[in-house]
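Let me begin by presenting the structure, written as structure tokens, before commenting on it.
For reference, chains read A, B and C in written order, and residue numbers begin at 1 within each chain.
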Amino acid sequence: MIKKLKYIVDWILLTGSTVIVCVILGIILGDIFSKGASAISWDFITGLPTDGMTKGGILPAVAGTLVLTLITTLFSVPFGVACAIYLNEYAKPSVFTNIIRASIRNLAGIPSIIYGLFGLALFVQSLRLGTSVLSAGLTLGLLSLPYIITTTEEALKRIPNSMREATLALGATQFETIKDVVLPKALPGILTGVILTMSRAAGETAPILFTGVAFYINDVGTSVNQEFMALPYHLYMLSTQHQAIEQVRPLAYATAGVLILLVFLLNIIAFYIRYKYRTKD
Amino acid sequence: MLLYNSAAFFADVKPVDFFTGSQWDPESAKGKYSIAPLLVSTGLVTLGAMLIAVPLGIFTAAFLSELAHPKLKNILKPFIEMLAAIPSVAIGFLGIVLVGPGIAKIFGLANGLNALNGAVLLSVMALPTIITISEDAINAVPQSHREASLALVANKWETLFKVTIPAALPGLIAAVMLGLGRALGETMTVLMATGNAAVLPTGFLDSVRTITATIAIEMGEVPFQTTHYFALFAIAVVLFLITLAINLAGEYFVNRLRKFHA
Amino acid sequence: MLISCSADNNTIKIKGSDTEVNLAVQLAESFHTFEPGIFVSISGGGSGLGISSLLNGTGDIANSSRSINTGETLLFKKRDIKIDSFIFAQDAIAFVVAADLPIDSISINDLTHLLNGDYKNWSVITGKDMPVNIYGRQSNSGTHDFIKKKLGIDFSRYAKQMNGNAQILEAIKTDHSGVGYVGAGYVAHGGMHGIKVLSIYSKINEKSVSPLNARVIASGDYFFQRPLFQYYKAGSFEKIKPFIDFEKSDLGKKIIESAGYYPVNK
């Protein structure tokens, strides 16, 4: 009897935990979308802020986040993929490559605010790029590199060696093998990693705090040397810095909603690619 | 670069004061640079987060790998990955509008911007990491272990708690370590939710200011190349070393798990 | 490179005081319809941040709710940067409490003891036994600095450091025994349920003065009032001139007034 009771307690413990985790997600999404949905509209996404940011839209923040993510991707993907190809295809396994891999994994664990400090010291100050969308994009690029390298390497590892050997045996060089056989085959995996990294970069706030994000800019920027608005920072600002916090709360909810939608959209695309790729194999 | 800047700091401030003083107040006339209140704050919030996230995360992982129907699992796993994808400022925002007022109501406080709020939010952020890695660890326990245990007339539950979980222990520790690393380094959530008073906290209901929040608040304002500027790099290095140690420990346990099952 | 440089010249970066940031945003919004070719980007963060950004070369105009201090002057001298300033409005600091706290005015002396932590309980002032909760700003805030200097105190160590004026109001609204300070611009336009702005007097039997009274501010009689500065590098005046001119225009003055500040007539 006591034993049976214990099983029930155990069952409740495990199932209960899982239910709690799901409920947490439900609360987060439920709260944000129930209170933000009414304010989200096409005009909200494509309008300029007005009346001291108590009304109007968030176009500069949306545009800023998109440009920022683009710069991040342009910087981190070529470097990251090249680095992964080197590690997986060219470098012979040795103590040296193991150290590099370990360092890359540890880079991924560094708090993002430290990347922000580093970006400030390197891009803003030493390289004199100033506080700009370029500095911020490069900082986020650095933060993204380890993820791109790790996911790309994993994708490359999944390609069976027999395929490489077959191509080499047909007289192709190693470069041709990689370019024509390995990379196309690994592309879905790499793409998944890239998109997930983009979604992470779009949601980051700490690294851009000192490297170029602005409270307000009066129009969509035209140059990479300008400061910019970004969705996550805009949400931070609306919820802690604005003078009429209660008045702008619906805007804050709506901004959170747009940000989460954007991030989820990227995630769903990544899931879809991964799913399609898996079923094909 | 981090090291260079913090070396410049210790040229100005004695390391002893840095670690043992009780006040962080760089703006005061004397310039008090003590990391102690920040470390304690960081520790308190992270500890709280782990107290919530570790049992919740490991039990959920056990549920997913041992109890859940594969179909249910296929639905739940993307859900948990979704949770991981939510940006930290969105979680911090909820700390202000939802969790904070909730805590204030429950404990009869004036406002809920305190260590407990930060801990609850950070636990939400650490959960996906802990669940995913714990689940991998539990899955990696060979089926033969379980069968052997079941054959010895132990039932499903005894097998889970007495055989499977202990066997997965290194992986579970790794999961906790990596979750811990995530919670320690989180900035926006704690910046928004913990009240940011730089005094030694006495409990979970005190307002605290973590290392990450201090950097975020003060970095923008300091003139470059001053003692205060270098001080922020110094606390960043401390944070860096702590997260590095935790990640290395996590890695060590992951490797042990691999060897164990190889 | 050339193209990007010239584009950079079209952006005026304004940084600094949170007290001034919302005003600056409103000015920049109208300025945009007036002069669409010039971008204005604005960040808050505190007066210290603004002045640092001039030093660091990351900003063009530093909004500051205090005058530049000797340490900062020294740093500018060290780097051989010449700066100029411009006062564009007057601000008054309002002390706020919950509406149900049984006082309407407070002496400067009592306020000093409240904020430096001598009075941990309201009983000395109101006769009611309630703990004093102070809601202040972070040390990088010009408002924080201004009160500290004006009263000659160090703030109580238990003063909560809030992220902005708005958070302070939010907190006071729910805390029946809280006291906080915000720019008068934040409370001037009503709509603030549950909050009361205290009048200030320096001696007993003297008339107490409210920060919401424009005439008093114009004559400079409120104890906690101050000019709002904009600092800029002397070398970059040409670049920021259009914006400064706009602030001095009638439309600019109107915006300053409607935001709860007092324009300077010069």
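One rule holds in what follows: contacts are C-beta pairs under 8 Å (C-beta built on N, C-alpha and C of every residue); 3 or more make two chains touch, one makes a residue touch a chain.
Because the structure is a prediction, the values reported are computed rather than measured.
If touching chains are joined by edges, the resulting network of the protein chains shown connects every chain directly with every other. Simply put, of B-C and A-C, more C-beta pairs touch at A-C.
One simple way to say how far apart two chains are is to compare their mean CA positions; for chain A and chain B this gives 20 Å. Centre-to-centre spacing of chain A and chain C amounts to 36 Å, using the average Cα coordinate of each chain. Shown for chain C are the residues that touch two or more other chains, namely 56, 163. Residue positions 192, 220, 224 of chain B are each in touch with at least two other chains. Under the contact definition stated at the top, the residues of chain A that touch 2 or more other chains are 125, 240.
Considering their complex, residues 25-28, 104, 110-111, 113, 192, 195-199, 207, 209, 217-218, 220-224, 226 of chain B touch chain C.
Interface of chain C with chain A (complex): residues 3-5, 7-8, 10-11, 13, 18, 21-22, 24-26, 28-29, 31-32, 36, 39-44, 53, 56-58, 163-167, 169-170, 185-186, 259.
Across the interface of their complex, chain B is touched by residues 6-7, 10-11, 13-18, 20-22, 24-25, 27-28, 31-32, 102, 105-106, 109-114, 116-118, 120-122, 125, 199-200, 202-206, 209-210, 232-233, 235-236, 239-240, 249, 252, 256, 259-260, 263-264, 267, 271 of chain A. Interface of chain A with chain C (complex): residues 49-53, 124-125, 130-131, 213-219, 221-228, 237, 240-246. Within the complex, the chain C residues that touch chain B are 45-46, 48-49, 51-52, 55-56, 72, 75, 133, 138-140, 154, 157-163, 171, 174-178.
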